[in-house]
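So the structure is just underneath, and the comments pick up after that.
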Amino acid sequence: MLEIQSLECVRDDRLLFSDLSFTLAESEVLQIEGANGCGKTSLLRILCGLRLPESGNIMWQGESIQSNREDYYANMVYIGHLPCIKADLTVLENVRALLDTRSLSLNNAVIEVELAKVGLESYEDVPGKALSSGQRRRILLAFVALSKASLWVLDEPLTALDVQGVELMESMIVAHKRAGGSVIFTTHHGMQLDCEMRSVQLGDYAHAELRE
Amino acid sequence: MLKAFYHLLIRDLRLAMRNRHELVNPLIFFVLVVSLFPLAVTPTAEALQAMAPGVIWVSALLAVLLSLDRLFKQDYEDGSLDQLMLSPNPLMMLVFAKVAAHWLLTGLPLVIIAPLLGLFMSLPGEAIAVLVYSLLLGTPVLSLIGAIGVSLTVAVNRGGVLLSLIVLPLYIPILIFGANAVDVAMDGLSVKGQLMFLAAVLALAVSLAPLATAVALRITASR
Amino acid sequence: MWNWIQRFSSPKYFYEMSAKLIPWFAISAFLVGMYGLYLGLFVAPPDYQQGESYRIIFVHVPAAWMSLFIYMVMAISAAIGLIWQIRLADMVAAASAPIGASFTFLALVTGSLWGKPMWGAYWVWDARLTSELILLFLYFGYMALQSAIDEQRSADKASGLLAIVGVVNIPIIHYSVEWWNTLHQGATVAKFDKPSMHIDMLIPLLLMAVAFQLFYAAVVLARTRNEALYRDRNRRWVRELIEKL
């Protein structure tokens, strides 16, 4: 499904990692591990096409993501560090806005069911500014669930979540895998996943030698 | 695809409406700056008329410049910009939706209030009409070109002055033809040439600026 | 073909090559420039309208040509860097900007100095001077954006895009300013534009233009070498160079 070939990443003239290759098939969960500053966020942003690698290719369903952008983005969803929530829109409007950019219009009932699952039942009309940061992250969880994406790219998804939130995220990942989807994530907190999982240690791909 | 355009436009309009007080600021700025000029000179009708086209146009330029920040700043800071760039819809089109919302919220009010300012500056009736037409054609271009500048500087700290430095030289042709149209109208001459030029620049901007803005946004995001 | 391009566009190769080229450009710039100035200042006949004071065109006009030419080079290099990710092209663009801005400034100053004997004023809003002033702003915008963004790659791409947008705008700005100027010109302005040139004036002018080109070539090579050294300071080839010292 997703294939990474010889990826190289440079930031501020420092070589973060090079010759990174791996594949991700359906129903696979992959954790990217590494110390602070080793390039985990950069890698995820490169996977999303938000950042260009120094060299290397990313292939989605056999085609490079540059040429296959529309298809890739229709099937992939990304959550980063920032909450993506507008303070002046209600919870429902926020979810709709996020789904609208993906051209997904779901009716309110479907969205409300998902909001209930993430613990935001009866919060539909509450504006974003009245929510805690943990609650805002839960809106993102609802968005991810509703996004109809087969690939989830999650950068520190446990940020600001409380204990129940963490359990919720874990169960969502497991359920997504069972349903045939794939997940790539990074996390500083430990994640207890009730399923098989692979991991890639970014530190293994960092070379101390100077580039030519 | 059009649905995404429409929904983004509505979203931005809705967000602005919930902070209505912010919207009036560029408008008040516009009126205030124009009002400064009569206070700075002897406000005879001839003196004011002579400087009116330039004064009103430059003030409109500055008012739009001040409001450009709202285009991408909020989205950049809360992460929505990333989500827009990850949309399967063409980024150019989403950019166009945002610029359209920006013009409706900033440019259009300037156009509507311009006749009042024409009155302040003793402009005769025909000139006021041409002022409105020229601003109607010119302010969308200001939003479109401004979008390119904002997308390049949104991630720069205190990038406001940098934005002005980048964008103002690009505004000059619109300023020249817009102000001149009003000037010429006061003498009762035809303004067709000037308005045609503005329309042509608008067409060029509509076709090229969203593309340049989309490229600039991807450059900005790649940090 | 692509490998050949990659080899020739590596900063290391460029650094070695340019060391040999710069002296040639510098010396020929000096010789051509001296000859051109000699012809222009001493041999060319005085203008029948302006007398001796017209001679400043031998600096002013080539400087104005260079200011536009360098902007083009800057925009094209930036485009090459943006599209094909060739870092040397980004370095050339960044190195060219201050040179182009300096030529623009030179054109403005010499134009202003010319204005004093011509119209009695150090500054008039004629079409060419106004266009040059706006061009100077475009250069400043480019340089300001370059220095405002910390990450080198992003800075190059962002200012490169700005340069390309500027190139598209330059004809529009030029035309608008020309047109604006025809509405407001006084009788004296007509003389500022090209009178039909006597061959004895044309030759020094062209020689000075060539001299400025050679000068630009020498200086841009030197500045690009500096850019290459600075940007690649953490790379092996620079470290090895330093160790050899």
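We call the chains A, B and C, going by the order they appear; numbering starts again at 1 in every chain.
The rule is short, and it goes like this: contacts are C-beta pairs under 8 Å (C-beta built on N, C-alpha and C of every residue); 3 or more make two chains touch, one makes a residue touch a chain.
Since we're looking at a predicted model, the values are computed, not measured.
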Of A-B and A-C, pair with higher C-beta contact tally: A-B
Central subunit by CA centre of mass proxy: B
Chain separated most widely from subunit A, comparing mean CA positions: C
Centre-of-Cα separation between subunit C and subunit B, whole angstrom: 32
Computed distance of Cα centres, subunit C from subunit A, in Å: 47
Subunit A-subunit B separation of Cα centroids, rounded to whole Å: 36
Per-residue overlap in subunit C, given as positions that touch at least 2 other chains: 151, 153
Contacts with two or more other chains, residues of subunit B listed in rising order: 222-223
Contacts with 2+ other chains: residues of subunit A: none
Subunit B to subunit C touching residues, read off their complex: 148, 152-153, 155-156, 159, 162, 165-166, 168-170, 172-173, 176-177, 180, 197, 201, 208, 212, 215-216, 219-220, 222-223
Touching residues on subunit C, where the partner in the complex is subunit A: 12, 150-153, 231, 233-237, 239
Subunit C residues within the subunit B interface of the complex: 134, 137-138, 140-141, 144-145, 148-149, 151, 153-154, 157-158, 161-162, 164-166, 168-169, 172-173, 175-177, 179-180, 183
Footprint of subunit A on subunit B - complex, ascending: 1, 3-4, 7-8, 11, 14-15, 18-19, 74, 77-80, 82-89, 94, 218, 221-223
Contact set on subunit A toward subunit B in their complex: 45, 48-52, 69-71, 73-74, 76-78, 80-86, 88-89, 93, 96-98, 100-103, 105
